Amino acid sequence: MSRTGIVVFLVVCVLFVVSWVVKAGTGDPEGHYIRDGFLVTFAAFLTLAIMSFMYKDNPYYKFAEHLFVGVSAAYWMCLAFWSTLVGNLVPRISERLSNAFMVPHQPGEYNFFFYIPVILGILLLMRLSPKGGWISRWPLAFIVGTTAGLNFVRYLRSDFINQINSTFLPLAVDWQGFGHFFSNLSLNATGQFVAMFGNCVIFFGVLCGVIYFFFSKEHTGWFGRASRVGIWVLMITFGASFGYTVMGRISLLVGRLTFLLRDWLGIAS
Amino acid sequence: MWNGHIWGMKVHNLGVILVLLVIGSGLLWLLARALRGKEVDRRVIFAFIFVSVAAPLLITMTFTFRATPIVEAVFDKIESLPPGSHVLISYDFDPAMAPEVQPMANVLTRHALVRNHKVIFMCLFATGQGQLNVTLRDVIAADFPDKLDGIDYVNLGYKAGNEGVLNVIVSDFKKMFPTDVNTVPFDSIELLDGIKSCKDLDLVISIGGGLPGLKEWILFVGDPGGVPTAGGVAAVVAPQLYPYYPRQLLGLLGGVKGAAEYESHFRERYPQFDDMPTPAIIMMGPQTIAHIVIMSFIVIGNILYFRERRKGRRV
Amino acid sequence: MRREIPLAITIFVGFLLIFSVFFPPVEDLGENFSLFFDIIAVFAFFLGGGNLVRIHGKKLLKRKPDWAFSIVTLVGFFLMLAAGLFKIGNPGDISSNVTAEGSLFAIMYDNIFKPLGATMYALLAFFVASASYRAFRAKNREATILLSAAFVILLGSTPLGALLTSWMPDSLSILEIPNLAVWILSSPNLAGQRAIIIGIGLGVVSMSLRLILGVERSYLGDEGA
Amino acid sequence: MRYRPILLFLLILLCFTTALGQEPTDETEGPPDTVVVDSSLLPAPVTNLQARDTEDDNGHSVTLTWDVSTDDGSGRDDVYMYMIYRSMSPEGPFDSVGVAMKGATEHVNSSSKDRAQPDFMPDHTDYYYQVGAVTVGGLITRSDVAGPVQSYGQFFNMGRIPVFVFVVVFCALVVFFVASARKGADLYVRPLAGIEAVDDAIGRATEMGRPILYVLGLGTAEMVATIASFTILGRVAKRVAEYQTKLIVPCYESIVMAVAQEVVKSAYADAGRPDDYDEDSVFFVTSLQFAYVAAVNGIMLRELPATNVYMGKFFAESLLLAETGSIAGSIQIAGTDEIAQIPFFIVACDYTLIGEELYAASAYLGREPILLGSLKAQDLAKAAVVIIALAGLIATTFGWPGFAEALHVEN
């Protein structure tokens, strides 16, 4: 460690202790004030450690990162164990185990099917043995086959047929004369020109966009021109998404800074 | 907040002016540098964003909002359902997304309860449970202490399996949720009488922003089950859901702005909640400043780009 | 045999599920198989957890760079695992919710997990700004379109946008920036989204068919086709 | 007109007596005071109740239709819901099996298919139904009994015929093009800049002596995007093996890790360098989005890869990864089918595969007739979209709703 490194480390330690003491001192004297003070300080420390990444990679970020990886990996294992194994599997395959875990047993005449995933799961673990690795492909084949079968019909139905169906918008509108047609360039229903223009944009936008995704035809001539319009439409889409997203990202930062300024330092309302 | 007077001027306003002055002059300095063709270090940009978000938090700036039709549609639906209707609210988000969507979850729950609907909570994100507890604590325990678990609302908790869960509950709730989160058996929960599957619900609301989320609710529950579906999502996925509106999606709260609109609208209609927390409205202050800063950066970046290109041509 | 059996499984299961959509007698298969997945996935967690422990253990034993941080990972991992599996500090009994308030699991979730995840996510605000500065430059027509669309939407989500165009007469209200932003989101944006959705829908369908027919075998570790 | 409800009530009572036989009052469940209540407050019953087997299902379900009570929406307008009753004999006893909201004219009474469940309802068995109109005050008037009706399963779901037609047509197209490709017909495939850039990027990494980082995204192993990514990973790994560059593949999911290990291992074997395969090059990080990003970002700044490849499912982390990659000075190639994230990759990366292009990449790299054949079939389906959309446009513009209805898919 360099000299500045040691100085920074000492400063961080001192600040940590100060924060702990102050937070514990202002905490609820009836509750676990020492523990709560530590926890808030630790959370704030981790928040700042991650933010320090913006300046450059450093040991504090490394610490937060490594801690995060370890804790989160275990988090999922625990949840999967309790909610899926104990919650969904055990009640269906064994009454004794259900009683041991105190979950209601669910008898059913097709419950023996639930041994299939158990067997497949064990086959998956065969990877760990040097010779049985190839058997671990079977559960994989099962998972992929199932999803492929489900996706095949589902996407055809929801994403494909229904999306085309929604593209059928009337391009013409009730004709009530030129004056009326152009009189109201507003977004609501009375703006006939706007409504019709919008429908045209959607319709031809979808068409050109779909043409851009043609893979087996060279994009030249009128086809190339349509595909070019298609990419422009896609660019508007991407630009709009990007612009719209900024809002969400700022909110997240607001949430974090609120924690630091209000919950930790107590200086913002 | 500290709110004294200095030289007859309200400090509150002075703070606002000061913040705007600092950010404005900083941007002018950057603009001057750009005109001379100097690139900016990334860390300077980061510092600008930090200041423009932190400052409005210290000196509260709020604006009022008018609900757009797509937000109003959700409000009107909850308003028009007869009391006692079953409304399902699914927490499909984790703490990281919470600042953006938790306000929606809270205000929607508050609205559903004030209309005396029966609310069913569940989560498709494991970490959604923690967020659900926030609503139970901040909304139900705080403002509706007389509402009872199992009668006025029920928490079914989390089940792993993403859209697989939806695939099951669209035809059979009990299969996926044999018990609620407190291991009360499904059949003995009074609120769930007559609720067999999602098809028996009057409204399904998904609050989220990742996968699985509102889109999966539409594809796996709303569409096949014919259940009215609405939602609140992080701004990032909102444009993606427009294609489903209004046919497959009843209405949508997009990002904090959507939440702020809902909060404004709700408070207007129910003045008794005038002093309820409105995190989304407060959050729109930093939003505005940060947006302006980012736009300025786009402009400055382009000035730099055109300068360089002209220089390149001259050589 | 090593190749044929998995392929046969994929083909059989795939076709079975396609049929289950059209033939009511087997319509429940889809939901039951979804339940199966989760159970298989739980077994897979052993693989992942094992790998994590192995990699970090190795790093520690061989004293590779940053080995000290591997201790942090391992301690965090085993502490959380123990807290969750044994429900340490959980106020209820074995049937209670694993995330119940007061348990060590919930404490670690609230004070380690939550701040870390939320902060990491919040870094995006900075990166969005640096990306707009660095990459939003009008280099060609496509980039200019992207940039303009983003700019209008950004302007539309601030009160500034409304202020700039408030002088417009009502009859031209479409050109007011907030309205224009909504229009972009609901018309051209919708068209682009839909084109991509249709393309992806077809792509998924076609890929699924390739999988079911056993042509796409990359998931079995076969390179290429 | 004040007497009308009373007359109506008498009429209903008459109906009940006829329908229920000897002891009508005993059969009327619910709060006992409904029997001795002021009869003028009872709601009008629903009429025209009909029960039939639910179509397009696997049995164990009966669909009821009726005309709403005259006190629902009109009259006194105090009906707020309907109770559904079922019995195995026309005389009862009738059990409550569900409720329908005010204004509803249909209810599907579906029960468990599992014999072990308490609400099991056998097929091919006679059932009788009643619908009770319930007022806000809790008063119930029951309708005539409908039935007998039997539920039974259908063999084919007629509501899904349009989908079925699409499935058959699409399969036929693929088979046709595969056959013609096998016969030697030359199939053109548009070049994809992102894929062509991969080879250059690997060369660059070799020259600089820096590793290549391959990120498979957050998808699970069965997701189409992840599967497409495996194919591209195979290609990258093979080149990496040939050039003897270092490859880093951090994984988000256990099964994905297992598959990626297989893919990379066999790519090294294919390249004739099985011994160079380092089993620690493909490793598991964690299954939590931002923890994963934190770790990968760390790897980027510490290992300084020459090239980052992001292919698969990505969510909010897309920009975190891509911007950190640009700080580290890497060339970046991305591809995802997650629409919300494509903009970030387009802005921050050097090459991006947009949506479907990612899937096409695997066909493009494979270059086998059957893969290209499926690509061609996909394109033809797109041409069909264009034609159907045009036809639908004309139909809607001229006000023929039949066209859109023909394409409408029930449940």
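Order of writing sets the labels: A, B, C and D. Residues in every chain begin at 1.
By definition in this document, a residue touches a chain if its C-beta (ideal position, glycine included) is under 8 Å from a C-beta of that chain, and two chains touch if they have at least 3 such contacts.
All figures in this text were calculated on a predicted structure; none of them were measured in a lab.
Compared with subunit A, the chain whose C-alpha mean position is the greatest distance off is D. The largest tally of C-beta contacts between two chains is found for A-C.
We define each chain's centre as the mean of its Cα atoms; on that basis subunit A and subunit D are separated by 17 Å.
Remark: subunit B and subunit D have CA centroids separated by 24 Å (rounded to whole angstrom). Put simply, the C-alpha centre of subunit A and that of subunit C have 4 angstrom between them.
Within subunit D, residues 160, 163, 167, 170, 221-222, 224, 227, 255, 258-259, 262, 284-291, 294, 302, 316, 339-340, 342-344, 346-347, 354-356, 360, 375, 378, 382, 385 each touch two or more of the remaining chains. Residue positions of subunit A touching 2 or more other chains: 50, 53-54, 62, 64-65, 68-73, 75-76, 79-80, 84, 88, 102-103, 124, 127, 137, 140, 143-144, 146-148, 151-153, 156, 158-160, 162-164, 166-167, 203, 206, 210, 213, 234, 237-242, 244-247, 249-250, 252-253, 255-256. Counting partner chains per residue, subunit B shows two or more touched chains at residues 42, 46, 49, 53, 94, 96-99, 157, 160-161, 171-172, 183, 209, 223, 236, 239-240, 243, 257, 287, 290-291, 294. If you sketch which chains touch which, every chain touches every other chain without exception. Listed in rising order, the residues of subunit D touching subunit C in the complex are 56-59, 113, 153-157, 160, 163-164, 167, 170-171, 174, 220-222, 224, 227-228, 230-231, 233-235, 237-238, 251, 253-255, 257-259, 262-263, 265-267, 270, 280, 283-291, 293-294, 302, 316, 319-320, 322-324, 326, 337, 339, 342-344, 346-348, 354-356, 358-360, 362-363, 365-366, 368, 370-371, 374-375, 377-378, 381-382, 385. Residues 39-40, 42-44, 46-47, 50-51, 53-54, 62-82, 84-85, 88-89, 101-103, 113-114, 116-118, 120-122, 124-125, 127-128, 134, 137-153, 155-156, 158-160, 163-164, 166-167, 183-187, 191, 194, 198, 201-206, 208-210, 212-213, 230-247, 249-250, 252-253, 255-256, 259 of subunit A are the ones that touch subunit C when the two sit in their complex. Those residues of subunit C lying in contact with subunit B across their complex are 30-31, 34-35, 37-38, 41, 95-97, 99, 101, 106, 109-110, 113-114, 117-118, 120-121, 125-126, 128-130, 132-134, 136-139, 147, 150-151, 154-155, 157-160, 182, 185-186, 189-190, 193-194, 197.
Only residues 42, 82, 85, 94, 96, 171-172, 194, 196-197, 199-200, 202, 209-211, 223-226, 236-237, 239-240 of subunit B touch subunit D when the two sit together in their complex.
Within the complex, the subunit A residues that touch subunit D are 50, 53, 56-57, 61-62, 64-65, 68-73, 75-76, 107-110, 124, 127, 136-137, 140, 143-144, 146-148, 151-153, 156-157, 160-162, 164-165, 167-172, 203, 206-207, 210-211, 213-219, 234, 237-239, 241-242, 245.
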